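Multiple structures follow.
Okay, so subunit A shows up in both of these, paired with subunit B first and subunit C after.
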Partner chain A sequence: MIAVLAAIAALGGLALAFGALLGYASRRFKVEGNPLADQIEHLLPQTQCGQCGFAGCRPYAEAIARGEADINLCPPGGEAVIKALADLLGVEPKPLDESKAAPAEKRVAVIDENTCIGCTLCIQACPVDAILGAAKQMHTVIASECTGCELCIPPCPVECIRMVPVPRGIEDWKWPAPWGPQAPQTAAPPSRAEAA
Partner chain B sequence: MYAPGEKLWHFHGGIRLDGQRELSTGRPLGAVPLSAEFVVPVQQHIGQAGDVLVREGQHVHRGQQLTQVREYIGAPVHAPTSGKVIAIENRPVPHPSGLEGLCVVIEADGRDDWGDARLEPLEDYRALSPGRIRRRVRKCGIVGLGGAAFPTAAKINPLHEQRIHTLVLNGAECEPYITCDDTLLRHHAAEVVEGARILMHTLGGPERCLIAVEEDMPEAYEALREVLGGTSSGSFRLVSIPSIYPTGSEKQLIQVLTGREVPADGLPADIGVVCQNVATARAVYRAVVHGEPLIERIVTVTGRGVSEPGNHLVRIGTPVHEVIAHAGGYVEPVQWLLMGGPMMGVALHDDAVPVVKATNCLLAARRGELRAAGPVLPCIRCGECVRVCPARLLPHELYRLARAAEFDRAQEYDLFDCIECGCCAYVCPSHLPLVHYYRYAKSEIRDLERERQAADRARRRHEFRLERLEREKRERAERLAKKKAAVSHKADPERKKAAVQAAVQRAQARKAARGDTAPTED
Partner chain C sequence: MAEYVLILVSTVLVNNIVLARFLGLCPFMGVSRKLETALGMGLATTFVLTLSAVSSELVNTYLLDPLGLGYLRTIAFILVIAAIVQFTEMVVHKTSPVLYNLLGIYLPLITTNCAVLGVALLNVQEQHGFLKSALYGFGAAVGFSLVLVLFAAIRERLAAADVPVPFRGNAIALITAGLMSLAFMGFAGLVRA
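Moving on, here comes the complex of A and B:
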C-alpha cells in the first residue's frame, strides 16, 4: 500500500515539477509575433507590388501563415518562391495562379522628366519610397531602390512612367547555364594526346 | 618539427600536364613597341573600381594616376604612357561575358614622358614603416600578377593575431604554355629577391622566405641561386617543386611547401603564411625603390596560332592584336584566343581588348591543339574527378547539384572551395564541361544573394514607409486634436456656465427694466 502511495506521490511530484518547468519556460521563452509569418516573409521578393491581392508582402505572408492564402499567388517570385514556400510549409509546389501575370525579367520604372508635371501621385503610390520629387517639381526614380512593382504607373495622369529592363553589367553578369544554346565557349583543357 | 623547404609534401590529386614551355622560352624577352592608342580599364582587380580622376582632353604623363579608390580592397590604374585622354567610355574588356567596361582611352604622344608622375624613390626601405610601404604599394596600383589580381596592399596587411612566419614567393607557373614568371626570373631575379626583402620587412620580418619554382624551370632556378649565392641564404630558401598541376595555386603551393592546409573559409595568413607571385614581388621593388607604378608586365604570347611565340614586356592597355602582331601575327586558322592558360583561361571574343594587369598569357590555339568540348555524355559516376580534385571535393556531386539547381546543397558540398582548376573536366571520360557548371552555380548563388539583399532593403524601406505614414497620420490627428482643443478652450464648462449666467442676468435685467418701465397690459 505504502509502495503504491509512494509511487503516486513520486509521479505526482514529478508531474508538478515538470508542469512548473514547462509553465516557466513558456513564459520565459515566449516568442513575440508570428515566427512562421516572418519566415514566409523572408522568402517573398519584397516588391510590395500587391499582385497577390494583399497590400504588400507582409500581409500576404501573414495570410499564408494563417492558412488563408495559397502559396502560388506571387508573380515576381515565380517558381523559385513557390518552391521555397512549399519546402518551408511542407506542401506540394503548384504552378503559378493562372490569373496572375507570368513572371517577367527584372525591370525598373523610369520617369520621362520632360513630361512629368510634378503631381506627386506616383510618390504617394511607391511602396518603397523610391521616387524623389516634390509638388510642381520634376520627379525621378532611384533605380537602385525600385522594385519594379509598377504601382506608380496607374496614378500618373500624364503617362510619363515606363518600365525598362535592367541590363546586366560586368559586375552582376551571370554565367549562362552550360546546357543552354548561348553557353559561351570556355577554355578547354589540352588534348589528351599532348598530355605527358 | 618540420623544416620548410627541406621536405616537400603533396596536395591531393592534381595531374601531370605537358608544359609546352619550349614553345615560348626559346626567344629572348621582347618588348612590344608603344601603341598609338591605349585602353585602360578602370577595373582590373578584385574589388571595387575607382573614380576616374582625369577628364577628356587632358594631357597625362606616363605613370600618372587615372583613378582613385576608396575601398580597402582596390587598386588605382595609371597611364601607361604620356598622351592625351581622348575618351572615357565603355569599351570591350577581357571578360568571359564579352561585355564592355569603363575605360580611359589615351592617345599616345610618343614622348613616353614621366613628367612629375614618378614617385619619390625610397631606396632605404628598411628605415620605412610597414604602413608607409603599404601606402606606396597601394598608390602604385599593385595587384597579384599571377592572374587573380588581388590588391597586394591588402594582402600584406595581416591582422595582429595572424603572426606571419613564412613568406612564399610563387614562381610555379603551373598551367601549361605560360612562361612569363620563368622569363621574369631569368632576367630580373635580383629585383624579385629585393622585392621579397621589402615584403619581408613589410610583414614584420617573417622567419623565412620560400621561393618556389617548378622543376622544369632550371634556368630560373639557376638565376635565383646565383642571386642568393646558394639555395639557402639567411632566411631565404630556394625550393624546386614537382610540376603537378595545379601546384601554382596558392593553397596547393602552401600545402606542398609547409604540409599545412589553408582552412576552407580562411586565408593563408590564418596559418601564418603570405603568398605572393614573383612578378608581384618585382612590381613592389619597382614601386618602392624606383617609384614606378604598375604600368607594364611580362606577357607570354604563345600557342601554335602565333608565328613567333615568346615573352614580351607589354604596357597595360595595349590592344591584344598589337601584341599578337609583334609576335609575328596569327598562323591561321586560329580556333581559340585565350587570356590565361589552357586550363583556366578566359576565351576572348575580340582581339581589340586591352592587356590588363592580370594578363599573364595570350594563347592562340589552332584546331586540335586544345581538346574541343567534345560530345558530352552522361556522367557515369566513375570517380576520376574525385581522384584528381586538389581541393578534395566531390566534383560529380557538385555537377549533379548544379544541374538540378540545388544550390543550397551544392554549398553544403563546399562549392565555393572549388578553385576552378579544371582537373576534373580534364579527366572526365564523358567530356562534361564541369568547371562551367561550377561557375554557373557560383554565379547563380551570388545572384540569389544579391537579390536577397535587395529584397531585405526593399522590406526595410517598405516598413519605414508604413511607419512614416502611421506617424504622419498620428501627427495629423494630434494637430487636429490640438486645434479642437484650442477651439473648445473658449467653451470650457466654467466659462460656459459663466456666459450662461451672464446671459441669464442680462435677460433678467432686461425683464426687470421692462417690468419697471412698461405698464402691464392687463
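Moving on, here comes the complex of A and C:
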C-alpha cells in the first residue's frame, strides 16, 4: 500500500511540478507576436521585389501592421492586393502610389538574345525565378512568370534587358479610365459587374 | 578521459542511434529532403537529446531509484522530457528570436521522438552517471545529425538521378538508408563499447 501511494505521490508530484512550471512559463515568457503582420504578409504577393521601399514582403507587412506604411505601395500586387488589405484593415482602398508604381500597362522583361553574354547576374536578381539560363549560355525570360519588377535590369553588364509592354488581350481588357477630377481616385476603372 | 572519448566515438559512429540502433527513423526519413531542414533538425535534436538525457538521469537518480519506482521509468521520462522541451521552447522564444527561428518548428516535433526516449532509457540500462549520460546523449545526437545531413545530401542528389520508376521516392530512400547502415557497420571494429 505504501509503495502504491509513494508511486502516485512521486509521479503526481512530478506532473504537478512540471505543470506549474509550464503554466508559470507560459505567462512569464509570453511573446507578443503580431498576428496582424502575419495576415498582411499572407495577402502580399511574396515577390520580395522591394519596390515598396522595404526589404521584402515581411518587413512591409510589419510596417503596415505598425501603421508606419501605407497600403498602396505594392506594384506587383496591384489593385487586388490593395483591396484585400483595405478589407482586412477596415480602411478605404486607395489607388496605387504612382511614384512606386510601374507604368499602368503590364510590362515584362525581354532579353536580347544576341547581346546576352550568359553572365547569370539577372538570374540571381530575379525574385520570382522567371529567368532561365546557365553560365555562358543565352538566358531567356518566362513571360508568364515575370512580374515586371525591373530588378534584373540594373545588374545586366551589357544592358540587353528591355521592358516590353504586354498587349492587352481579350482576357484582361478593361474599360479605359474615366476623365475628369474624379480620375485620381479611380485610377482603376470599375469592372463591368460593378458598373451594372 | 579516454573513457569519455570512447563514449563519444562509440555513440557517433559505432552504435549510431539511427543506423545501428534504428531509433529516430521517422525524422530520419521525414526531414531529410533538404539539407537546410536536416541541419535545423540536427541542431534541435542535439539540443533536446543532451538536455533530456541529463534531466531524465537526474529524475532517475534522485526520485525513481530511492523510491524503488523503476517500473515507472518510461512514463516518468516521457513526462520530464516533454515538459522540459516545452519549457525550453518558451524560454528560447522569448529570449532569442534568432535561435527560435532556427529551431522553432523542430523542437515540438522531437519532444517524444523515440530516439530521445531511447537514449534516456539506454543511459539507465548502461548505468551511466551524470557526466557520462550527458556525453552519451550529446554523442547520440551528433551521430543523428551527422547521418541526417549525409542522408539529406544523398537524397538531394537522388532527386535529380535517373532512378527506375518502381524505386522512385521513398523506396530508393529506404534502400539508400539500408546501404548507409551497412556502411556504418564497418565502424563496428573501431572500438569495443
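We take it that the second predicted complex is superposed on the first by the 98 of 196 C-alpha atoms of A that agree within 3 Å, B and C clash if a C-alpha of one lies under 4 Å from a C-alpha of the other, contacts with A are read in each partner's own complex, and residues count from 1 in each chain.
Here is the rule we use: a residue touches a chain if its C-beta (ideal position, glycine included) is under 8 Å from a C-beta of that chain, and two chains touch if they have at least 3 such contacts.
Just so it is clear, the structure is predicted and the values come from calculations on it, not from any experiment.
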Which of subunit B and subunit C A:V4 touches, first, second, both or neither: neither
Contacts of A:L44 with subunit B and subunit C, given as first, second, both or neither: first
Contacts of A:L21 with subunit B and subunit C, given as first, second, both or neither: second
Partner chain(s) touched by A:A135 [first = subunit B, second = subunit C, both, neither]: neither
Which superposed partner A:T147 touches (first subunit B, second subunit C, both, neither): first
First (subunit B), second (subunit C), both or neither touched by A:V31: second
Touch list for subunit A against partner subunit C, complex: 3, 6-7, 10-11, 14-15, 18-19, 21-22, 25-26, 29-31
Contacting residues of subunit A [partner subunit B, same complex]: 41, 44-48, 56-58, 127-130, 145, 147, 168-170, 172-179, 183-192, 194-196
Subunit A contact footprint on subunit C (complex, rising order): 59, 63-64, 67-69, 72, 75-76, 79-80, 83-84, 86-87, 90-91, 93-95
Of all residues in subunit B, those that touch subunit A in their complex: 15-18, 20, 43, 93, 95-101, 176, 336, 338, 340-347, 368-373, 403, 422, 425-426, 433, 435-437, 439-440, 442-444, 447, 450-451, 454-459, 461-465, 468
